[in-house]
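In the two complexes that follow, chain A is the common piece, with chain B as its partner first and chain C second.
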Partner chain A sequence: MKKLLEISLGVVTSVGGFLEVGSMATAAQAGAAFGFQLIWAVVLGTICIIFLVEMAGRFAAVSHHTIADGIRERFGFTAFLWPLVAILLVNFLVMSAEIGGVAIALELATGIGFQWWALPVAFLAWLLLWKGTFGFIEKGVSILGLVTLCFVVGAVMLKPDWRAVATGAVPTLPAHDAATYWFMAVSILGASISPYLFMFYSSGAIEDQWDESYLGANRAIAGLGMTFGGTISVSVLIVAALVLATNGIDQVDDYHQLPLMLIPIFGFWGFVLFVASLAIACFGAALEVGLQQAYLVAQGFGWTWGENQKPRDNPGFSSVYTLSTFLAAVPIALGLDPLRLTIFSMALTAASLPLSVVPFLFLLNDKRYVGEHRNGVISNAAVIFIIALGFVLAVVTIPLQIFGGT
Partner chain B sequence: MTLDGWMAGTAPSAYISDTLQSVGNTLTDIDAQIRSAGFAELGEQTALAAAVKDMSVAVARARAGVLAGRRPDVQEAQQDVRAASRSLAAAYARYFAPKP
Partner chain C sequence: MDLLRDILDKQVVDREQVKIGKVDGLVAELRPGKPPRIVAIELGAITLARRLGARPGRWTAQLAARLGGKRHGEPHRIAWNKVQDIGVDIQFDIDVRETSIFAWQDWLRDHVIGRIPGA
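Our next item is the complex of A and B:
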């Protein structure tokens, strides 16, 4: 019964924590520009993240190491430096975009420019990281994040042609704007297969003191949580396709366009629900990315770490999230367009995938870490596929950014 | 769509006003781009620039109406926006049509 409760809470946490500014913006842009045609990218990204999250959780539960710990120990610090620097940089951009997402929500709610909100949002995030526990951050914000289910309700209320939705899950070639189509696909994949998601998940498993008895729960949380999370992203895409595209908005290049998605469905409450969804989802993601930066550096340098400890007991760990949080607010405070930053950071996330995913192939097949719980044929095939996909994305991202970026 | 939201009372004035200002800024950028592009026939370029200008004026009037809370002004500006939008679409199609 206790395990079932933990699984339910884990699934709810994954659902609430899945949507963030990247998945919301990329799905909205894709839906407005290409209708249901890019649903396949969300589906593919969700399948990939299910595998990676399951492996990250299994690795942590069996070996009592996080993925970052494992990379440093298995390959040495010099080899670990490359993924460390790449992930830190990508996470910095993602965190900046998330703070931008909260700032936009506050601008929409108050009319005060988003730049003015960047530092107060960063301060609030830092305060919660400083005072809060892992459970509070992981579960509290994610449960509030269930407000993003309004997109699922909205999508159902719009009564889409479900056959067309299902057809969108099969990759097809675009009829127009090919470069933009593929750039959108890359950005959606970057938003879905975000390294911070599976890195954070493995650190969380250690914080929650998982052991081998959690392997079943891990599988259920990874499978169900990410599937439901992906469903929310698909719902955003459906709503954008049916509301924005049908009203002549086929290009989302201004964040002011985004609340229009829910207003025709829920009226004034649509505006409120959109603002709440954006603020909560992005704030939760900003907290998670901030923590992930600290986990990554502390685990990489072998410092004491843990969100459940007092900051004075792990000064290096708390200094990293303090610095990360305030630095990430700077580009937004300087007026950088959060929507452009989001799309750019999602594409860069996709390009950095090989560096963070290649180690899975070695770590999850190393008996010293995972013993009899090594990867099977399907998991290894999935990792190899994701690595190959990562390499393709790494090669095509920059040209697509130039020719198809917004 | 934005003005429909305001007329129906489903979106707050501050949001609508910011959105219209953002649209106005975008139109100003487009106008500057059209004027700096020298590859099209002068007549087509002028027609497109005029359509963008009409749209800018209508959007600015709509924003002023929203800020003042005057529904009749907004309604009138909304009709102008729709008309300007049709002219803009036609001028855009002529401007980018394949040349013989």
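Our next item is the complex of A and C:
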């Protein structure tokens, strides 16, 4: 019974981690521009992240080390520097985009320009990291994050042609704007397969003191949680395809177009639900990315870390999240367009994937860390596939950004 | 034992299981007619910078000496004979509070983090 409760909480938590500004924005753009045709990208991204999250959790539960620990220890300092710098940079952009998402939601709610909200939002995020415990942040954010289920309700109420939805889950070639199509596919994959997600998950497993008895729960949480997250993303795409496109918006280039999505379904409350979903999903993600920056640095250099201790007990750790939170607010406070930043950072995430995914192949097959719980044939095949996908994404992202970016 | 595989870059903990860093460098003693012997491990930014090259190493050492005084111009060393346990983590029979390894964290606590309300 206790395990069941833990699994359901874990599932809710991982839904909270999955849905953030990137998955919402890319799914909405894709739906508006290409109807259901890009659903396959969400499905593919979700399958990939299920495997990576399961492995990250298994690695942590068995070895009591996080993925970041593992990369440093297994590959040495000079090799670790590359993923360290790449992930810190990508996380910085993603966190900035998340703060931008909250700021846009507050602008929609109040009419006060988004750049004025960047610093207050960063301050609130920092305050929660400073005073909160890991469980408080993890559970509080994810329970509030259930508001994003309104997209699923909305998608069902719109009565889409489910056969057309299922057809969209199979990759097809675009009839128009090929470069834009592929750029959106890349951004969706980047938004779904986020390094911060699986690295955060492995740190969370240590914070929650997982051991080998959690391996079953880990599998259930990874599978169900990410599937639910993916379902919400697909719902955003469906709603965007049915509402935005029929209202003449086939190119989402401004966040102000998005609240329209839920209004035909829920009326005025649709606007409220959209604003709440955007604000909560992005704020939760901002907290997680901020923590992940501190986890990454502390684990990479072997310092003590933990969100459950007071800041004064881990000065190095708490300095890193303090600095990253306020630095990430700067681009938004300077007026950088949050939507462009979001799409750019999702594409860059996709391009950085090989650096963070290649280590999985070695770490999850290393007996000294995972003993008998090494990867089986299926998991290894999945990692090799994701690595190959990562290399393809890394090569095509920049050219697509130039020709197909918005 | 393969030193580079099993020791270098592994997590170092003290006797209280406090995480004090990773094995950033190894110090070996060359003995005439006999194989070299590990005498200590090194931790800290200077050692890490030296792994990137001689010049970054020199700069970091100078910077550390300027910021923290002469005793910080050299990397932290822990004698190999203090080693207690070699597993996925490497445990040494020391107490990190009696070393200067966390001096920068203490400085941060006293001058920055500790001054912010709620720390």
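What to note about this one:
Keep in mind that, in the parts below, the second predicted complex is superposed on the first by the 406 of 406 C-alpha atoms of A that agree within 3 Å, B and C clash if a C-alpha of one lies under 4 Å from a C-alpha of the other, contacts with A are read in each partner's own complex, and residues count from 1 in each chain.
Here is the rule we go by: a contact is a pair of C-beta atoms (placed from the backbone, for glycine too) under 8 Å apart; a residue touches a chain by one contact, two chains touch by 3 or more.
None of these values were measured; they are calculated from a predicted model.
With both structures placed on the common chain, the touch criterion links A:Leu108 to chain B but leaves chain C unconnected.
When the two complexes are overlaid, the chain among chain B and chain C that reaches more residues of chain A is C. Once the two complexes are laid over each other on the shared chain, residue contacts for A:Phe271 go to chain B alone; chain C is not touched. When the two complexes are overlaid on their common chain A, residue A:Ile263 makes contact with chain B while staying clear of chain C. Of the two partner chains placed by superposition, only chain B is touched by A:Asp254; chain C is not. In the superposition on chain A, A:Pro399 makes contact with neither chain B nor chain C.
Of the two partner chains, chain C is the only one that A:Thr304 touches; chain B does not reach it.
Residues of chain C that touch chain A in their complex: 4, 8-12, 18-22, 24, 43, 48, 51-52, 88, 104-106, 108-109, 112-114, 116, 118-119. Those residues of chain A whose C-beta lies close enough to touch chain B in the complex are 107-108, 110-111, 247-249, 254, 256-257, 259-260, 263-264, 267-268, 270-271. Chain A meets chain C in the complex at residues 63-65, 69, 72-78, 80-81, 130-131, 301-305, 310-312, 314-316, 318-319, 368-369. Contact residues on chain B toward chain A in their complex (touch as defined above): 1-2, 5, 8-12, 14-15, 17-19, 22-23, 26.
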